[in-house]
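Consider the two complexes below, in which subunit A is the common component and subunit B and subunit C are the respective partners.
Presenting the complex of A and B:
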């Protein structure tokens, strides 16, 4: 499915289940997402992570609602499954779509300014470097006679300085590679939103509406 | 014909009163390989950014005078066509790419240039082939070495195929073999493909017989002049003299007092063994030079000495196991000067940077006057309010060295401290280091490819080879 439409679908459904209260629909969404992810061959490790990490916030919500809430255990289960539904819905997007394709479709089909599409992409490609950078900043501060911890404002101050610096260099690099804002570009890989994409999008969205309408438990 | 004409070109940075370029009037000839040199901070990068069409767009204020490609004024070229006239390669290999993989970047470049999608594959294949990096095609750019990244940058330029190519110290952070290879590729682009090449560099190695014209940017007059073959030869000879060193040093005796001791030591950060030492010492209040091939593990050794990386065995500082010393007190005793100056900065302006060092230093060895004198001697005084990131590459290095000297730690580790410095500045820095050692009893350990000019500084020389570090009598 087209990554742009997929993102839209996932966000729309996630928004909807925030306002509705159906345990069964939550479970169905988790189940369907899970199967979809399995079919897309993700690593075992990523799968375990998906199940394990949300456990803490989900359990936390569950327990506090169950013990202290007034809406009872049914609502506690809804909250619990809602967290997992968010995570699994999100994963159907993040684990199976390439950010490059997303940028391409945002530019070509959703008609977003190319500056935005490629800006997002470039920022995303820089992400792994941020971890590294934080480590470097900590070390550098030590050498300058200061110990920075993860709560030190100075750490973030310098991290922001560095990213401003990066983005400036990046803008220069993109320009020198021929990129000009708001100018036409050719497209080596054309990404189209096909009729099938629309069928899936409307179909899946419709099914969720029907489920939410009929299944109130 | 695409002569690059610089016509009575005058420029000063916003908020500065110094004209970096003053009435520069030169012509870089069509289909020539021109080398531009000049001390650090003289304005080489500034000029190249203008030629590449990045300034004034990215800087804010315009220059007086003009730049022409043949008959066309650069200002007449619409912004979406400038890359059909000129392409630029930057000094820092890390920030030249917008996309994740090599193939995506090349495609991005060609799409920007409105190349017909049907032709893109062919052009990319040719560019990769020309640069000898077919095998890197699908690699993630972040995982490439500096030399490989610069080859990819060149491949992008080959794909863009503009008549003029400008390069700003493109080889500053790559190994000598890649350097030589890339220079040959550039020559080939000039000779076989009719390109006009303008390249700025301090390091004159490998250019003799390759370049056609030699330009010098005079830091006092802010003029650029074309040198005749005699003066050019003079520059090459001078440079050569600064490249050779043949010095005998002693090997530390048993009795020589040590400050850092390494025992039963093994360094294998990524599972492959880099260094194995039974018993090794660094001598107190001496300067030890460490040499060794690229990628052999010199910087990694520094990371172990500063407790940034795990290792097996024991390292003692002043008789105490460094694992038993807390990070901050240890860093105040054994301090590392990073290879990349920007990483050392924590503040915005030059003054804030210097103040930070003055505030956190543990002793008052250097007076405020000393600091001013040092800044002056390296001609970076009077820049209190300049943003550190806007300093020229060489100026960043100078500031970094001064601020670490002010801290005056008992042991100072320096990773390529002379990179990007012109020879005169190097001599001044060596003077500073000698003072620190003699007056303030500092121990210095230096990793450096640059050897000459260090004669008066070096006491011992340790060579890093075959997973071993051994003291040697000769430096060459």
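Presenting the complex of A and C:
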């Protein structure tokens, strides 16, 4: 499925189950997403992570709602499954789509200005380097006997200084590769939204509506 | 950059949506996203401690300010319509791609937090880049994100005292991280003339 449409579908469903209260639909969404993920060859480790980490917030919400909520245990279960529905819905997107394809389709099919699509893509591709830079900033501070934590203004200050410098370099590099802001572009890789994409999008979204309408428990 | 021609004391300058500024916002968002990622164990630890007494939502409210820092930061560095929203949203998107424990929920939280932090700058007409503007942004962030949690996390089923306690916790957290810490960072940037780089 087209990554842009897929993201839209996932977000629309996630938004909808935030406002509706149906335990069974939540469970169905989790189940369907789970099967979809399995078919996409997820690693065992990633799968365990998907099940294990959300347990903390889900259980936390469950217990507090159970102890102090006025709506009883059924509502507590809805909140519990809602967290898992978010996670598995999100995983159907993140485990199967690349950020590059998302940027390409957002630019070509969703009319996002190319400077946003490629600018953000360029920054996201630097993620490993950014991770490294955070370590470098922390380590070099340690060498001067200064420990930087997530509450230290200096850590953010230095991160922003790096950002300013890198953004300048990246923008110049893109310009020197022939990228011109606010100009029409031709595409080497064309991504289109096919008729099948639309069928899946409307079909799946429709099914969720029907389920939410009829299953109120 | 376009504001090289402007005086170094450009407190008043308006930024534009140039390619360079878009990359800058995305980079700052990713930096903050990764720094919080390192503090991710805090949330889990707090939740584990608070769950047995049913106070786990406090973990959420205690850390809210931390999660909402990218918005005010990008809003201050790139001073134009929408920069706080884009920064905050991208910051949340980073968490999704790093494999955070909220999945698709983080995208939506990012949208909500982005709107919250942008509204404050909008109310001051993108002119007050000082303590007043920052406090406006803090206020709208707290109100908007709290309203969202009332719906999403079932806060509306709690009694008034618990709700009030959660709200105050969230306000203090947002004030410290989104306000005081942001202010300190901006002061460092100001002193080093980074805004005119």
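Heads up, the rule we're going with is that the second predicted complex is superposed on the first by the 215 of 217 C-alpha atoms of A that agree within 3 Å, B and C clash if a C-alpha of one lies under 4 Å from a C-alpha of the other, contacts with A are read in each partner's own complex, and residues count from 1 in each chain.
FYI, a residue touches a chain if its C-beta (ideal position, glycine included) is under 8 Å from a C-beta of that chain, and two chains touch if they have at least 3 such contacts.
A quick note: this is a predicted structure, and the numbers were derived from the prediction, not measured.
Novice: Once the shared chain is lined up, is A:66 touching subunit B (first), subunit C (second), both, or neither of them?
Specialist: Second partner only, subunit C.
Novice: Name the contact category of A:110: first (subunit B only), second (subunit C only), both, or neither.
Specialist: Neither: A:110 stays clear of subunit B and subunit C.
Novice: Tell me which partner A:91 touches in the superposition: subunit B (first), subunit C (second), both or neither.
Specialist: second
Novice: Where does A:100 make contact in the superposed view: on subunit B (first), on subunit C (second), on both, or on neither?
Specialist: Only subunit B is touched by A:100; subunit C is not.
Novice: Identify the partner contact of A:185: answer first if only subunit B is touched, second if only subunit C is, both if each is, neither if none is.
Specialist: A:185: touches subunit B, not subunit C.
Novice: Looking at the overlay, does A:122 come into contact with subunit B only (first), subunit C only (second), both, or neither?
Specialist: In the superposition, A:122 touches subunit B and subunit C alike.
Novice: Now for A:161: first (subunit B), second (subunit C), both, or neither, which partner does it touch?
Specialist: A:161 contacts both subunit B and subunit C.
Novice: Where does A:170 make contact in the superposed view: on subunit B (first), on subunit C (second), on both, or on neither?
Specialist: both
Novice: Return the chain, subunit B or subunit C, that is in touch with more residues of subunit A.
Specialist: C
Novice: Counting contacts the way the document defines them, which residues of subunit A are shared by the two interfaces, the one with subunit B and the one with subunit C?
Specialist: 118, 122, 154, 161, 165-166, 168, 170-171, 174-175, 179
Novice: In the complex of these two chains, what residues of subunit A are touching subunit B?
Specialist: So the residues of subunit A in touch with subunit B come to 100, 118, 121-122, 125, 128-129, 136-137, 139-147, 154, 158, 161, 165-166, 168-180, 183-190.
Novice: In their shared complex, at which residues does subunit C touch subunit A?
Specialist: Per the stated touch rule, the residues are 1, 17-24, 26-32, 34-36, 38-39, 43-44, 47-48, 50-52, 54-57, 59-60, 66, 69, 73, 77, 90, 94, 96-97, 99, 101-108, 151-154, 157-159, 162, 177, 181, 184-185, 188-189, 192, 194, 197.
Novice: Taking the touch rule as given, give the residues of subunit B at its contact with subunit A in the complex, in rising order.
Specialist: Checking each residue of subunit B against subunit A gives 52-54, 57-58, 79-80, 83, 87-88, 90, 92, 95-100, 104-105, 107-117, 120, 142, 156, 160, 306, 308, 327-328, 331-332, 335-338, 342-346, 348, 356-357, 359-362, 389, 403-404, 407.
Novice: Can you tell me which positions in subunit A touch subunit C when the two form their complex?
Specialist: Interface residues on the subunit A side: 7, 10-11, 14-15, 18-19, 46, 49, 53-54, 56-57, 59-61, 63-71, 75, 78-79, 82-83, 86-91, 93-94, 99, 115-116, 118-120, 122-124, 126-127, 130-131, 133-134, 150-151, 153-157, 159-168, 170-171, 174-175, 179, 181.
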